[in-house]
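So that you can tell them apart, the chains are marked A, B, C and D in the order they are listed, and the count of residues begins at 1 in each.
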Amino acid sequence: MKKLINAPADVLAEALLGVEAAHPDLRVDHQNRVIFRGDAPRAGKVGLVSGGGSGHEPLHGGFVGPGMLDAAACGEVFTSPVPDQILAATRGVDGGAGVLHIVKNYTGDVMNFEMAAELADTEVVAVVTDDDVAVQDSLYTVGRRGVGVTVLVEKIAGAAAESGRSLSEVADVARKVNAQGRSMGLALTSCTVPAAGSPTFDLPEDQIEVGIGIHGEPGRTRVPLAPASEMAQMLVDPILDDHEFTGGDGVLAFVNGMGGSPLIELYLMYHEVNRLLGKAGITVARSLVGSYITSLDMAGCSVTLLKLDDELLRLWDAPVRTSALRWGA
Amino acid sequence: MKKLINAPADVLAEALLGVEAAHPDLRVDHQNRVIFRGDAPRAGKVGLVSGGGSGHEPLHGGFVGPGMLDAAACGEVFTSPVPDQILAATRGVDGGAGVLHIVKNYTGDVMNFEMAAELADTEVVAVVTDDDVAVQDSLYTVGRRGVGVTVLVEKIAGAAAESGRSLSEVADVARKVNAQGRSMGLALTSCTVPAAGSPTFDLPEDQIEVGIGIHGEPGRTRVPLAPASEMAQMLVDPILDDHEFTGGDGVLAFVNGMGGSPLIELYLMYHEVNRLLGKAGITVARSLVGSYITSLDMAGCSVTLLKLDDELLRLWDAPVRTSALRWGA
Amino acid sequence: MSAVVDAGAIRSWLGLFAEEVGSHVDLLTQLDAAIGDADHGTNLDRGMKAVSGALATADAEPGVLLKTTGMTLVSTVGGASGPLYGTFFLRMAGSASDADSLDPDAFAAALRAGLEGVVARGRAQAGDKTMFDALAPACDALDEALASGATFDDALRAASVAADAGRDATTPMLARKGRASYLGERSVGHQDPGATSAALLVATAARALSTGASP
Amino acid sequence: MSAVVDAGAIRSWLGLFAEEVGSHVDLLTQLDAAIGDADHGTNLDRGMKAVSGALATADAEPGVLLKTTGMTLVSTVGGASGPLYGTFFLRMAGSASDADSLDPDAFAAALRAGLEGVVARGRAQAGDKTMFDALAPACDALDEALASGATFDDALRAASVAADAGRDATTPMLARKGRASYLGERSVGHQDPGATSAALLVATAARALSTGASP
């Protein structure tokens, strides 16, 4: 394992020291491993808390700031935070208007956020993201994973909260984004969890994993490596099969890198995705290209589509000022 | 070789289609492979052109926009652009106030930019960046490579040009940034040039290359893999040995990822670097952490320090609106 | 010697479990790498090390030790197994209440309460390929053995055998809960990491709580 | 048959060079991977393929063909070798002027002019571990052989032998120009990619331009 780290057990704590040093406008609670907006809590504003295992950076800590999250609870690598952390985050952002929990749909995340919400002394509403079409959704399963759409929920709900909407209104917007968004990812390589020390799975030079999540878990199927045009199709087709994206105010198309794929490849993939959407009669109104929700050093990418309407467009365009997403401010 | 690409020869052309599709405020000249600000040329404003081989994204195309570059000429992967491209970029940004070429110090880049300047029908001044302390500078060599400081030169000279300064003033600021900046990098892995198909060098699991550039070239020395704290020292020490960074208005500390290293590791490295600077009595006034000047999928990082003064601070903080660096706009 | 589970017994059980988790970190993590996210061993080890630390200072009856264990796991493990094992011990603590010691039936009832806590939290059913599939057969075997008049030692051994069998039975299962469920058919053929740690929990109970009396 | 280099000879030289570069892409790129950035083969191959295309339509005297070659290389290769090889051919073109054909001395003079262009552009000196170290000995050998009355064929062969020797001599050199210079001591022990392609250029000249007359 080759990483820019000291002891594997210290990765998170030391990275948080770096976050604190690099971003004077953030406040880091090292005890609880929570990244706060420097001015949290904001009186009268709905507080936005997200969190999850680490290793997905910039998610979530890179999205803390005006117009997006008020706090991010950082679990160990790929391990959801414990209730204490989430509770500390919740208390720290409580400005009297209630707190929204944005939770990715994983058993661990859901349970730990639930326990924290039970312990919180403020009104908490949780919105669970579950946009990954690689996972079959049924009564008997835990449902879909929350992946790329989480970034969009955090941005859009963040804008809604910043504009003074109530907790139930912000939660409604967050749920709408999740309902209108779908994602699908693939991996060219596995990733190496620092504490594990070797790649989570082995992938031969000529194979890729399709339908992966963001925890280095193997995907749904293993197929031969293919040209980008075909890989784009493997991602776009199941999304379009699952949800209607034509009409309305177009879509936001988000090509996300898994951490180890260079930007030039992501732009190339964006071109392929954009081409496929054009063919399918879908209008791309907004785009996002980059590594925003990652799996450590995994090479690969995911595609997220979000169907836009006037409200979502306005909230997406609203100013945001975080270390990883910033405009208009 | 596992990449999100089609034919290796088409990587750049297809990525540029993606850049164009993703960024409506940019204009892409596909014939010449130049990325322009959508509103170039700006009458009366000094035009800023940079460029170089591709594979360093977001450098340079990700830095085109208000407050930074007016155009970026994109060569093949790791191959400097040809004079035709640089000339097209120069003509396209010529608003009557002359054009600044920001050139990284590589034989190929310098020669191609020189040839383009000879052919240009406008006043061109070239500033060559050469901040890499890994390379010995002497009368008999080609001098140091231009690496991380290039990002800072583009931002700061971009702000100077945006504020209406003259060509010679903008060039002076660019030279000052280069003179006050130093960099050093290391690689945990090599990178794979698409057309070559296999890693440029082999690096055993327990070795790193210290003193690398940004073209996947081997470094000055190969040493055993070490903890982040020691790797930070390998980068910071030679920089501090080379230049005085104490006093004044502090420094800008820039920890840059080489493309394949996850953000969590870069923040961890930033913590280590920040700690070493503190020990050395150096005040960090500004910071930048992320993958901004990369070597395709190489894992590793570089450190750049820039000694600040009041003017550089103001220009660094000035609004910038590019796909990769954005604030205040 | 009469079969009671007192504070000392609980301590040695949890100490032994912490040890076993510590010496199986890699196994648990490798199993999780195959169908999950390669952290179950590290997660549980971090938690049980914290439990050992917390119990070192706690001088109290079984219920308090179990509650401390549950709260410490909830606060240090994270992921799915943190709330699940945490709730398991918190419910055991509730069942044990403030008794100075538990007789075999009381211990079996506490274990059953823990299992019900796991179900309440995670809603797993038999055959979902989770820790439930090791814990539930263990509870059943313990109850049955005690009901049929077996000694506590024998009953614990039966529980441990059942937990191991339940753990082994997870291999051919298709996961329907937890992270492994995302793999669908590809989860078949791999032993569940949580069932593996749960079998260790029952095995260490059998070792730590047995009275040592010959059958 | 008298030894003159006409348009047809220039065409077959450049055609042969394009072919040889094409069949040595991997070698050139691998050499560049060792002490550079793994693109010299791809760069030059892209350029010479473009030259072949450009010359297919250009119907003209040697000077024009050489100028087209130089401009095409400048416009398609990039990197260090683009301007260098480009300048080489542009200067050759200048020396050839509008002659219909070049006699051996005129050809040698054109080659020398090309070499001087490389130096003007890149300021390399002997021993810097660059293409200069193959081209300069070739020019010297050609001049000497012609001066001592050798046939053009023999003189070209001598030039090629000298270029090969010059190329081989780059291996122990410590690079002082180009990308390899960044490696310092570590550049020692590797053959220079540019000297390797330059030796191909001279070798193909020997093959394409020789009159075929027995010595």
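Rule of thumb we're sticking to: a residue touches a chain if its C-beta (ideal position, glycine included) is under 8 Å from a C-beta of that chain, and two chains touch if they have at least 3 such contacts.
From a predicted model like this one, the values you see are computed outputs, not experimental measurements.
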Going by the contact rule set out at the top, which chains touch both subunit C and subunit D? none
Hop distance check: subunit B to subunit C, minimum number of steps through touching chains? 2
Provide the C-alpha centroid distance between subunit A and subunit D, rounded to the nearest whole angstrom. 55
If you average the CA atoms of subunit A and of subunit B, how far apart do the two points sit, in angstrom? 28
Rounded Å distance, subunit A centre to subunit C centre (Cα mean): 33
Subunit A, residues touching no fewer than two other chains: 77
Tell me the shape of the graph of touching chains, choosing from line, ring, star, complete and other. line
Pairs of chains that touch, anyone? A-B, A-C, B-D
Subunit D touches which residues of subunit B in the complex? 53, 75-84, 106-108, 111-112, 114-115, 132, 134-136, 140-142, 145, 193, 195-196, 200-201, 213, 215-218, 220
Residues of subunit B that touch subunit A when the two form their complex: 1-7, 11-12, 14-19, 21-23, 54-55, 57-58, 62, 77, 188-189, 205, 208, 225, 227-229, 231, 259-272, 274, 284, 287, 289, 291, 294, 296-297, 299-301, 321, 326-329
Which residues of subunit C touch subunit A once you look at their complex with the stated criterion? 29, 33-39, 42-43, 46, 74-84, 121-122, 176-179, 181-184, 186
